[in-house]
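Lettered A, B, C, D, E, F, G and H in written order, each chain numbered from 1.
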């Protein structure tokens, strides 16, 4: 018995929902629009909810044509179809923080993914260390969170500060926001890897999706 | 009212146990033996348990002279004093996995720290991808874990494989084990950052301590 | 006596087929369309088969106008003319594996090149470690291969897993598929260089062509 | 007329005190002990005060033998002779901050140099972001400083936080304190270069001396 | 009482003018035009002067429509509105130097920012080390400056030479001008970090704005 | 049924000889001498031949005490016990080439490993491109080889030249021989990855062992 | 007396022809077309010959309108005006070699510059190490050259081979030709820096101009 | 007929003196003392002069025992035997410059090698850009040189300044002198590669030997 559907260009892993608690997710870049639509149809056919990340408007239009229930989350660049993952009761929410305004698209990728996975979320945007009172005046939100996703570019100092203030696990997401010696997110990544505040773990640059899945694994 | 003790060369953060659930931990490298002993005495005086990481035998001897209850965990290079952090009831343990034998010291840093923090642990060592049946024959251990710490050097592929198999959050620890294009752990770090299996987050190279604190934040 | 034809901008190495078993291959980037056509004509005139890699549709159209037998392999971005390299009898095929769907163009560069060189090939696409049962359910294909080309981006863990399972030589091809700390294929490259499973050797990022030539050298 | 003394292996720049406000300083590494002593004697002969950085105890002993007034600042690894640079009246001091205890030797290089250059200094050590109340409880010291030198290793987040709080110029000194993805200070350096808080400029890793000279140029 | 205005996508830090001596500045890249305009309106409403950096002509047009007093400084890519920061009396100007003509846009970002901050400026462009007499013939300008901002790409040697000649603090700005082993400004950055002439501190690649704020912090 | 022996610190993979054609090999660095001896005894007990790489003289002495048949190959830093892997009949040998004398230890690691694996070898040392006639005068050796392992440090140009001359597959081994911009073998590694001569694949820096296993996989 | 003409955005170094033997050269990128034309007119007015590198067709058209004698060398992307630098009698020419066809634009930048500087040149293109007989059959050209400029991308092995064969100084020019682990010319640069054949020195990636000026300095 | 002597571990290239104008040179690191002595004896037997670089005192003692005419140049770490290379008449000397005192060992490697090759040399040490009058007061020496070797660590700015002043070819030698963001010479290397002053070419970090051979190739 096969646990995947063979499409030639893809082996759709229908068994994943049993192992991981959620179905295979479609990362769009590098796939043709036709391939994306075929994989989405394969997942949808199994009555599994569908999540598609890094999707352009063009991809959305093609998916929408094939699968009418598709919804586009523009800022997050995510397409979802029939959000039916059973609700994970988490009275303490997953808090999603950004250092700046330009980090919001990555944060939205995390937030929309988390909500797709049935997690209660809260957003706290633009509280970077250049004006740290914006963070400390929201300390109550930090303290009542179950997990905190901190999204930051440039020097990426915010996860260390948050990690020093709270007991909840901090998932740090470096972003490619910045220029020059930022090296497309490398500076933020290294900062977060070297955090002097323990209780911080890091995902890939701009990987809001991965942070949300980690949060889901923690909360579920 | 100050929340720290001023030692001149250090401001011992006695407030941390309230914020983070555990007291300030002493990272030994770069401090003089005298400084280390003074900080340990300051924490011990407050009746807080003491954890000292990356401690050499020489440091241990000096600490032991000043604080008779000190215990040395040789493989982990950790000194603990009066382990009294209230037990976190976690019927599902924190599983600590290594890819190879040479990764064990880092895994032991994680395991001893986790136990200091009151977490139930289980060890599964030397199950790297070169002989993947060693991992799959222990799938039951993976499935019953609450959190999994995966410690791997060289190409660091193990967290991706584990992340593909289980629902539990995976904390990946790259190690500096390897040579050549390993660049002292960089290859394993990059591998883990780019994991195609979601639900994986990464801490610094050789940072067993940080992985254990992240596990504690998840479990508590 | 010269072993090459002098075109001014190129010295076409007509002797290569004697030394290497196949004629000079045209790597298109950086050459003008006019130069590409001239070199193709020079090789074709000698009745040698022609292989042109990384060819755009525009280049193909120009070549087709000059040499009517030209065929375009779109996904592989390869042009071939009069495939006449004597067949290398290899009852055990060269198996070409990808970790994901986005790695297929590189795999196709390898497959079309291998077939041009007279090698029997088999394809096994989208069997990455995030759902490792897709690989293990195809173990028979791995075991009957003479050589295995493994194409993978992101963390590039697949060659290590394959290398741990089989006796055949594994040629690992890192791809630039991924983002962030992938650094355009560097992470996959380093992973593969540090493989803990021996019997793995690596070619350049996205170099499907080179992998196929290595496979040809092994099989011939 | 020459503005330097020719020693063969060195051209001692006796004109520097006129251009820069302080005499040539001897950076010891890479010079033989004999060369160091000769240069020190050349400067001393001119009645200029002498500053020697990164000096080992062995170098100090040799200098002391030749120039009896030499003083060794052990933690800073600096030798000074006859501190006579005219006092720069700065009622608002240069404040020197460290993130941790292990950063103190670099901070001391800065402090001893600043004092040699006639600057009033104040020290505030071990106020890193993992326990940020240690910093905010000393806000008065930050606010009354003319210049602030912030010395930090690991993720190097402290200068951004300080730069967000005060008007004074911040000179950031990354240190090589840390391990793994710290890459001997690179992570702290990149963090500081990308500070989102303006009013921060950076000197070389572990370069306490350079920070003090910059502070002197600002205050003088 | 909040010290910021909540816009959802931004928390505008109206308290910054008290802490830093100038209001929040809008770094445009990564923000939508709509977000930029909203933040500008929020600052303008408080009667604070507005500075917007890295602004395209398109952004300027949208801002101009909403806030009629907006002025565009084309070469600097800066928008300013109602320049009313109280004048900082600095009889000795801030001198802004470039090594080449291509470095001028970064220098203009520094100059326009400095002028916005109320600082007297002087410009000295195209005096790089390939024709060092262009610098030495302007020594008087260097000597009468209070602070010197040196903007240089390629090998970035100019700050070291300037730092060897004058007493004033030198703020070095590496630029991404160059090609090949310049690695988009990395070579100039490393050169400046390693300057053998003390009294030099460095800001991020192409960060003319940051250099001006540092100059402001020194002069104020 | 387990396919490995559990030693606590290691799971000795006794199944590997079936999958790969040779038993588990002990890479010594990072393991304690006691661990090394225990693993060696576990393999030896199964009557499998034992290969131990990167073994110091001290390790050898300890192994010799426990297992009297151990032999030390000093230049290769390899210990072998009871070489009984069935002979692979390869009338055309595996040729091992070095660019210089300093590359010989890595080449010997390859040669001793290959011989342990039952492969006929031939050596051709010190034929680097600075005196290319040393290579071309040995063209007959190149032409009669089944596989060629080329070991080179510094600029690592030799595999490209060899790859241009012969039909046999070339396994390139970069070495850490060199200094400065060699960056411990990185320059040779990059050179070999970018070889313009196809039919070349690369293993890790200094990885003579890996090259030999790849040769074995090709020849077997 | 000034040795330069002040244009505000540029200080045209009219003294350079005395110091260096040729006038200031205009590197076009990063300058506006208007600036380029003004500088060209300033040099032309002094009756000095003008050389403009990396010039696009658009720049050429604007220059041509202002200075009718301008000539465009398309492949080299160079504009020259009134080539009147006194002839350097070099009976032994400067030989310019490329490894491949795609390296020719860089070689042409070198050749056109050299000819502008009055040097006799000879070209030998597409003689890379993958077919080394193309080089060795032209040994006579190598032997009669006064200086050899070797232009190569990908692995950049050609300068080492040439340097091993001849007595003439070899100026190595790495190019950005290649892909993947070539890292835009870094691999070729490192190869050339580590050349085991002495008598080789290196200029920047794609810097044909710099190589020609070095050749001129040697020959003059 | 062979053009080399076969020693097993080395093929001594006795033909090199004909191709390059000087015999094979022994680079000592990575060779055993025994190998070094054997190669030296092989060259000496041919009555060719012997040059051995990077030789420790221990190596020198062993060589001296075997070949009584050996001379040790301590600062350069070079051993020479019977200096008999025919004199190259160069009335204009090769000038060797250092930026600092710590760069002298590399400069001496260049100077001793140049003298071994029969070139007239002149030394000008410690004229770095921090006190540029030390250079400009020696302009006469620069102007009368045929070739200039400039040795500099830290930021490596000196070759650009020298290259801007003179017509002679400049061979730039980056050194590993420095710390922190110097990255063992990388900063100086990149600086020199990006020199805005043309007529500069670069050799490997600390490669005084290579610079001297390049100078010899230019002068001969």
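What to note about this one:
Everything below uses one rule, namely that a residue touches a chain if its C-beta (ideal position, glycine included) is under 8 Å from a C-beta of that chain, and two chains touch if they have at least 3 such contacts.
All values derive from a computational prediction rather than experimental measurement.
Ranked by how far their CA centres sit from the centre of chain H, the chains are topped by A.
Interface equivalence for F-H, evaluated over D-E, E-G or F-G, points to E-G, where over half of the contact pairs coincide by residue number. For the pair chain C and chain F, the distance between mean C-alpha positions equals 26 Å. One inter-chain figure worth recording: chain A and chain G are separated by 50 Å, centre to centre, where each centre is the mean of the chain's CA atoms.
For the pair chain C and chain G, the distance between C-alpha centroids works out to 35 Å.
Chain centres here are Cα averages; for chain E and chain F they lie 56 Å apart.
Shown for chain C are the residues in touch with two or more other chains, namely 100, 130-131, 164-165, 180-182, 186, 189, 193-195, 204-205.
Contact annotation for chain pairs lists A-B, A-C, A-D, A-E, B-C, B-D, B-F, C-F, C-G, D-E, D-H, E-G, E-H, F-G, F-H, G-H, with touch applied as defined. Listing the residues of chain C that touch chain F in their complex gives 19-21, 25, 164-171, 189, 193-195, 198-205, 209-211, 213-214, 216-218, 220. Of all residues in chain D, those touching chain B in their complex are 100-104, 125-127, 130-131, 133-134, 137, 153, 177, 179-182. Those residues of chain B that touch chain C in the shared complex are 99-100, 128-132, 154-157, 160-161, 163-165, 178, 180-183, 186-188, 190-198. Taken in their complex, chain G has these residues touching chain E: 2-4, 8-11, 13, 15-16, 24, 27, 29-31, 35, 39, 174, 176, 184-186, 189, 204-207.
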